[in-house]
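A, B, C and D label the chains in the order they appear, each numbered from 1.
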Amino acid sequence: MLEKLKEEVFKANMELPKRGLVLYTWGNVSGIDREKGLVVIKPSGVEYDELKAEDMVVVDLDGKVVEGNLRPSSDTDTHIELYKAFKDIGGVVHTHSEWATIFAQAGKGVPAFGTTHGDYFYGEIPCTRAMTAEEIKGRYEKETGKVIVETFKDLNPIEISAVLVKQHGPFTWGKDPAEAVYHSVVLEQVAKMAYYTMSLKKNSDPMDQNLLDKHFLRKHGANAYYGQSK
Amino acid sequence: MLEKLKEEVFKANMELPKRGLVLYTWGNVSGIDREKGLVVIKPSGVEYDELKAEDMVVVDLDGKVVEGNLRPSSDTDTHIELYKAFKDIGGVVHTHSEWATIFAQAGKGVPAFGTTHGDYFYGEIPCTRAMTAEEIKGRYEKETGKVIVETFKDLNPIEISAVLVKQHGPFTWGKDPAEAVYHSVVLEQVAKMAYYTMSLKKNSDPMDQNLLDKHFLRKHGANAYYGQSK
Amino acid sequence: MLEKLKEEVFKANMELPKRGLVLYTWGNVSGIDREKGLVVIKPSGVEYDELKAEDMVVVDLDGKVVEGNLRPSSDTDTHIELYKAFKDIGGVVHTHSEWATIFAQAGKGVPAFGTTHGDYFYGEIPCTRAMTAEEIKGRYEKETGKVIVETFKDLNPIEISAVLVKQHGPFTWGKDPAEAVYHSVVLEQVAKMAYYTMSLKKNSDPMDQNLLDKHFLRKHGANAYYGQSK
Amino acid sequence: MLEKLKEEVFKANMELPKRGLVLYTWGNVSGIDREKGLVVIKPSGVEYDELKAEDMVVVDLDGKVVEGNLRPSSDTDTHIELYKAFKDIGGVVHTHSEWATIFAQAGKGVPAFGTTHGDYFYGEIPCTRAMTAEEIKGRYEKETGKVIVETFKDLNPIEISAVLVKQHGPFTWGKDPAEAVYHSVVLEQVAKMAYYTMSLKKNSDPMDQNLLDKHFLRKHGANAYYGQSK
């Protein structure tokens, strides 16, 4: 079942090591079929060079395995929380990519310092609050998703398609698994440049709001003019 | 038309990902035929590994497409402003290469700290002023070109063939598209080394003026003696 | 003799340059056959691209060569001390990988700042004390092993499978040579991220203890649920 | 003439881009035939991927071309000064490798912080004084050599086989061209690690003298025991 989505999710997973975002098995991508209410996700702890499209696991929105011989990613419950709360997203990625993880470890968001950031993310990429002992000792992966959703209570997940989980690492999402990976790659690059911008100029202000509007909106929304018309 | 220039511009564009200066579609190179007053430039938002020489778009100096089925780069108007103001240049490059962009985000020029810099750039590589709300909301890409030209009102664009647009990233130029790319590569390297020089020695002075003269002039101008005689 | 272990040790050694952990001949991996009390180790100063499985040297626990035409690694005595003190380990690695070495040169341990660290190491990776003049002038490599063992007098080497030798570099270990190399790769990554975390947020606290418990124990021990069941 | 030395010098030059020490044509290696008093050096400004062994230029110790159709490296006079002053060296390398150049631009030597450094360099790698206006305007490349030699008036160039020319970059040397390149690679690595060591621990002391003695002397001199006996 869901062979096309499995192929998409598989390819998106394989993009992670190719882009230098993961070491060993440290990342996972999923995609959702909204009509069927089913999520396709990478199996847990399988090496990328042994991974095949048919290894992808199908789970329902309660996290129960519907199809597949392997255990789904240990982060599956986090993905599911995001799909439930963010109705317009079609793919989710989790990595420990180094620059995004550095900000997560420092408990800081990634400010928007330039148009590279503004072309993709409409403002600062937030970092969650620390999780409580109860959340950590409870259904940890599900609670991780909930703390992300809480972080976005006043933010639009379509405009800011990434988050840093404190002392952990990034999650990103997009309209499909491929776009979610694209956002992971961009996040890593803008996090790196933000670090060095802050180091080169102490107390750097975020970028001009007009410039942010200009760049985000020339790529997104009704009046976008970047790229080729579809 | 302009098949030879299209080939040059295409090859120069392909050098950007090869040299690690761009992610995805984040860069563009153009070249000009001064006699015909036509500019050849990369199409907007096309992946490098799908790009072909015949995809290059020909525009006139008003930015109107003269030949080509694809939209030209969204930065075309900036390139045109540079060609109009800097009469001796034949190629222009725009990237978001990371170290140059870091300086642009911090709003700082790249000081000349050593002979690597002095071999190619005759002094600090300047950063533009911030653009005004009117400029950003108006013909933004054209205004970007104008603010670059303003930055060079007392500088010689042949001696300093690069600029940082504040909160955005670098533009470089050269006698042809290939040299413009060469300058982007060198800019990235000297920006990286400048960052760490400033970090290793707070309040570093720029390099000795005699040494800068020596290195720039042994490579450029009538008395150059680097390389093979042509 | 010990052909299978030689092959394992050889392959683990070849992983070091592939993972970017060594320049030239700057690293060595060994494995132990606990029943026979014999250690298989890389020969000293042989280039990786000339190395063959049959070049591996077999030594006993006094460091005497039992088989092999080449001299064993100059660090052999350090490996032996670790095997003697840490009864449950099967492989040892020494490298001068850059980030681990930077912490060793600064004389600092690598704090646990996030779940990437906590997934593999159950707390800070310690740095040894400086060695005394007597230790350095005596049986230096053996004394290096002893100072590592001293550093672990209140630590569990299975829970923290890495150490930094002050002003020198890292040693790691594992249940076999491959896992010991895996720990070297992870150490390098978490050391790099720890450096930048400390730089981004001065006086960063180590990660929450509950979160460390959660991550270490979901991968290790009786209740682990990461990966596939074996 | 000197075909074997040309081959050695050619191969050593080709190692520079392979090891990531040069961009474009920014480096040169030479070798000397002490009996004939002739130096073989890379031609000026030739791309590495077009370079052939027969392009190597032969010059005498006055810098006059004895054989070759191309101009020798513009840095030839610096190499010659080193060969004249340091009688036991057989190869010289100049690059603008980034970390060594960063220290040169900051005008700082590279302190010995750990055994990686001590295995190859017997103490701090010095940075020259700034050159005077007269030296820069005079026979600049020859004067560059002289200021290096002046820097070593109380140092042994066999024990410390590298120098940083202030606001310029590194020169290294060795018993032959290959060893000179090896020292350039090691210099780059130890410079990088020294930078981060200093950043991680302000006012870091150099390494313990006993440890430096131990490591340098276990690899060099009569009592060396690293590697295989020859």
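Simple rule for what comes next: a residue touches a chain if its C-beta (ideal position, glycine included) is under 8 Å from a C-beta of that chain, and two chains touch if they have at least 3 such contacts.
In this text, all values refer to a predicted model and were calculated from it rather than measured experimentally.
The fewest steps needed to get from subunit A to subunit D, moving only between touching chains, is 2. For the self-contact between subunit C and subunit D, the two sides draw on mostly distinct residue numbers; the shared fraction is below half.
Greatest centre-to-centre distance from subunit B is found for C, with centres as Cα means. Subunit B and subunit C have centres, each the mean of its CA atoms, that are 47 Å apart.
Centre-to-centre spacing of subunit A and subunit C amounts to 33 Å, using the average Cα coordinate of each chain.
Residue numbers of subunit C whose C-beta contacts span two or more other chains: 199. Pairwise chain contacts present here: A-B, A-C, B-D, C-D [touch as defined]. Across the complex, subunit B meets subunit A through its residues 23-26, 43-46, 70-71, 74, 96, 98-99, 101-108, 130-131, 133, 136-137, 140, 167-169, 195, 198-199. Considering their complex, residues 113-116, 182, 185-186, 189, 192-194, 196-197, 199-201, 204, 207-208, 210-211, 214, 218, 225-229 of subunit D touch subunit C.
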